[in-house]
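The following blocks contain the structures, represented as structure tokens.
Heads up, the next two complexes both have chain A, just with different partners, chain B and then chain C.
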Partner chain A sequence: MVKRYSVWIAAPVLLIVLPQIFDSGFAITMMSEMCIAIIFALSYNMLLGQGGMLSFGHAVFYGFGGFISIHAINLVTDDIIVIPLELIPLVGGIAGFFFAILLGYISTKKAGTTFALISLGLVELVVACVLLFPSFFGGEEGVSGDRMLDYSITGIGFGKGVEVFYLIAFWLMVATALMYLQTQTPLGRMANAVRDNPERTPFVGYNIHLVRFFQFALSGFFAGIAGGLLAINYEIVNSEMIGALASGHVLLMTYIGGVGHFFGPILGAVLYTFLHLTLVNITMAGQLYLGVLFIIIILWAPNGMAGILMVHQPVWRAGLFKELLPTYLMALGAGLVTFFGALILVEVNYHLSLSIEPDKPMQLFGVEFLANSWPPWLFSIALMAAGYFMLRPIIRKIGLKWDELTQVMQGGK
Partner chain B sequence: MTNKIALNLVDVEKRFGETEIIRGVNLAVKRGERHAVIGPNGAGKSTVFNLISGYYPLTGGKIELNSQEINGLEPFQINRLGLCRSFQVTNLFAKMSVFENVRCALLWSEGYKYSFWHLMVRQKKLNKKAEEIIEQLNMSHRSKIPVGELSYAEQRTLEIGITVAGGADVILLDEPTAGMSKSETEQAVELMKFVSEGKTLIVVEHDMGVVFDLADRISVLVYGKIIATDTPDNIRNNKAVQEAYLGEEEEV
Partner chain C sequence: MEFYVISLLNSLVFGMLLFMLSSGLTLIFGMMGVLNFAHASFYMLGAYLGYQVSVFIGFWPALVIAPILVGIIGAGIERYGLRTVHKYGHVAELLFTFGLAFMIEELILLIWGRVALNYQVPASLDFTIFKLFESDFPAYRVFMLVVSVTMFVALYLMLTRTRTGIIIQAALTHAEGVGMLGHNVPRVFMIVFGGGSALAGLAGVIGGNYLVTSPSMAILLGPIVFVVIVVGGMGSLTGALIASLLIAALQTFAVGYDYSLVDLLTLFNIELGSEPLFPDLWRIKIENTGPLLPYLLMVVMLIFRPKGIMGERES
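Moving on to the complex of A and B:
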């Protein structure tokens, strides 16, 4: 019992302590963005993992949550309405819910490819609206606001980033708990049923269209909360937030984290946001590395990081993980060699084709060299080849080790 | 008179493109009756079930459940009116446990609708009912196992279980014992007798032992037409039936 609830106690403690340890502006920004991404990814998984609905347009509800929230903030600033800042995310949530109801009824009629294509169509529709209604969407520069409202429940001014972080963390806990509980309700379970077997579900009395529709609407609600938090965090909302790219991000982070377990998207959102914010500062090829990570996950770990963890749970429990560790470390080493080889090749090519002066020397890990000379190319290809030939036997070894462990564990039963 | 009829098929027809599969089926099943449908493979037995349960639309005729016309309704609507069906090919919620399967099958009839404010663990009555059903299926020891890991016979048993869980009073079972061993079949027959107590049962069945044991009346479907509906004894002695079906079976 204690174990079951421990994570719900540990998480808030962690959220309270983290900004005290990592208190730089960049760290606070990153953690805030991670928390928002977690809510967004979990809401996406209500569709994908729980309901089997692959959406390419989930950011529509995130975006509407953001836009309505920033407008609400401005209305409060102008003394037209009274809402404390702490409750603005709820406004975002209601906006997301409303638009999910408006757009969801038709799109949830069918699942599978039809649903995916309609979601793509909705993005196009909304992006067209951004151009049509500049007064609402603020055109190219977007809509900005000032989160330091006169109304506050807690008396906090929200001038500092860390204060905003705590507000985001609070909503993260509330939204995560609610989304988790929702998986334990009749609607949550029937969403699983419709995902697993839409053919059978009507014969136990359920209208599969309505199951999908209600699931969709709730998922829009939580996406809207995330959008409202983003509006508060950056005090500006623009069309980037509502478009196909943002929808792509949430799909990638959810998949990388794993769609099959509730906590998967949490891992995915944290890792993805971290990589996104750091890589984009370091290299022009940041998005490319994220894309490669996504492909690797899809191909070799379709249940994502959460799936990898869960596969190891029985091994860990049996105290056998130490048997695997050496081969894993070897695989990691060989993998890194391959990766560095590929990385050099990518960076050299990005430098040659995108930098302003491709003929000038470039820098990589403190080493300066010419991109259009042969040594880096040769070095890169040599590394990749070496890594590949090291990896092959190691992977075979891991397979054998797994067979061995499976037998040991079955024998022990 | 008519309210003694639980299920009534009148001139039911079904065409897939050009081919006519069901060519005018008339069948009146009395309330409380156990009715078997027999016939050679490809005769259209499963198709008739698919028509009754709303899985396929009719191309002609009409179907009444408790004197109410149900053709044109969606499967979930027909289910809510008190008709349930099983599938010839096992059709469960494969990733869920036995317990979860049964509970999903109970939710609508227990009135939960699309609730996202009831926590399942807290629903004592619902959980108890699910456990009771699993006990009736003799599967209490398998309750937590994902149904994908069950044996074939267990899956077939659960197929019956989630069909009848909702408490519908007209039960359609499509070849429930197909592929079972002799002892498994005997258990399945006992289960069918138990769950159809006081209800109307229509069962498609190939095992003649089961049919003659279970059925009050039998209909023989051949090439999309019912050629006879009668008591087991009369069906056994019916010339047309012997020629079209039973005889053929014995030769094999």
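Moving on to the complex of A and C:
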């Protein structure tokens, strides 16, 4: 009993303590963004993981949530309506819900490829509308507002970043709990059934179109909450938030985290946001590395990082993980060598193609060299080749070790 | 009159370019059930490789070499990437091509940089071929038409008159049966994927200097190509041709009209108040709706005829 609920007790404690330890402005911004990304990714997983609907346009509901929220904030500032700031995310959620109902009925008729195509068409439709409706979307520069409203339930001013973080954390807990509970409801279960076998589900007496539609609408609701929180956090919403790129980001983070488990998107959102925000400062190739990670996950670990973790759970329980550890460390070493080689090649090329003065020496890990000279090229190619030839036997060895462990565990039972 | 004739010609040129892209995509989809998200990226790759080869040895060799290179890359990706994820189902395949599109764009940034390339129409085609109502019609557009029509005819003959074409057509609908007859279906898939990529590459070589060769060209054209195959009917070549021409005409003609809903209302002597509801909606001019129309058409199509113009099945 205690074990079952321990996560739900530990998470709020962690969320309260974290900003006290990491109290720099950058850390607070990053953690706020992570929490918003978690809600957004979990809402996305209601479609992809639970319902088997691959959407390329989920940011539409996130974006509408953001735009409606910022307009609501401005209306409160102008004393036209009265909503405390704490409830603005709910306004965003209702906006997302509304638009999901509006757009969802057509798009959820079919799943799979057709659904993906329609979602892509819809997101492009909305993006095309951004410039046509400047008084709602604010044109190129977007809509801005001031989150320090006169109305507040708690009496907090929300001037400081930490105060906003706690608001976001509160909504994160509420949204996560609701989404988790939703997976336990008949609707959540039927969404799984529709995903796995759309032919047989109607025989149980459910309308698969309606199940998808309800799931879609709820997912839009939570995406809208995330959008509302983003509007509060940055006090500006622009067309970037609603487009295909934002939809792509949420797809990447959810899939990298793992769509098969509830905690997968949480893992993915935290890691992706962390990498995204830190890599941007270090290298111009940040997007490329994230893309490579995504491709690797699709090719070799379709259940994402959560899937990798969960595969090891029985091994860990049986106390056999130490058998795997040496080969894993070897694989990690060889993988790092390969990665390091590729990294040099990528950075050298980015320096040549994107930096202002490609002929000047560049710096990598404190070493200064010329990008258009041959040693870095030769070195990186040699590293990649070496890493590749080291990795191959190690991967075979891991496979053998796994077979061995599976036999031991089955024999033990 | 002038406006109609010139717009018609321009939409024919753009429509055939769209068709060159969508024909490969719709064939790949019809056969393998894979919606290749990276198809427009192959188009972009074709434009960049075409530029690079034409810098080294000229435009005419590039017209042949670049599509072949893109085709080889495409076949390699099918063999070593797509086939690996095939066992996880169509959603995984779609995701893979999505990641691929992302990667190709980043790699192009990596090699050629962020700025648009100076990819020019070759000097031998840079002249006015005829004058139409006082305005010049560039020879290059005629050349584009010739290339795309030739390609369409060749593709049509290849699919209907050759043995390979018949096997491909059979594999479109009855992949397993074709396999039973002893044909190597995975290899047919690879050939179709490579061929479709090469067609996209060809479109890139001749479209890159007509439009712009920049890292955003795939994102700009990609979604429209998807609209084409949905509107035309997934898997149908004829449908893709009709839809390409239709959408090109929609976009080209829309630019010429600067009417808005206000004008329509004035026609019926209705005055709009000074502060109407949805102020933007009434002021939208048709000429600005060009980017929106294809998607609107797609949504309308999906509501009223989900299988598309020529489609035989609802996927």
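As a working rule, the second predicted complex is superposed on the first by the 413 of 413 C-alpha atoms of A that agree within 3 Å, B and C clash if a C-alpha of one lies under 4 Å from a C-alpha of the other, contacts with A are read in each partner's own complex, and residues count from 1 in each chain.
Heads up, the rule we're going with is that a contact is a pair of C-beta atoms (placed from the backbone, for glycine too) under 8 Å apart; a residue touches a chain by one contact, two chains touch by 3 or more.
These figures come from a predicted structure and were not determined experimentally.
After overlaying the two complexes on the shared chain, residue contacts for A:Gly248 are found with chain C alone; chain B is out of touch.
A count of residues in chain A touched by chain B and by chain C gives the higher number to C. When both complexes are overlaid on chain A, the residue A:Leu210 reaches chain B alone and has no touch with chain C.
Contacts of A:Lys401 after superposition: neither chain B nor chain C is touched. In the superposed model, A:His312 lies in contact with neither chain B nor chain C. Of the residues of chain A, not a single one touches chain B in one of the two structures and chain C in the other.
On chain B, the positions that touch chain A within their shared complex are 53-54, 74-76, 79-80, 84-85, 87, 91-96, 100, 103-105, 107-109, 112-121, 162-163, 165-166. Interface of chain C with chain A (complex): residues 29, 33, 35, 81, 84-85, 88, 90-92, 94-96, 98-100, 102-103, 106-107, 109-114, 219, 223, 226-227, 230, 279-281, 284, 288-289, 291-292, 295-296, 298-299, 302-303, 306, 314-315. Residues 181-182, 184-190, 192-193, 196-197, 199-208, 210-211, 214, 218 of chain A are the ones that touch chain B when the two sit in their complex.
Per the touch definition, chain A reaches chain C in the complex via residues 52, 54, 56, 106, 109-110, 112-114, 116-118, 120-122, 124-125, 128-129, 131-136, 244, 248, 251, 255, 285, 287-288, 291-292, 294-295, 298-299, 302, 346, 349-350, 353-354.
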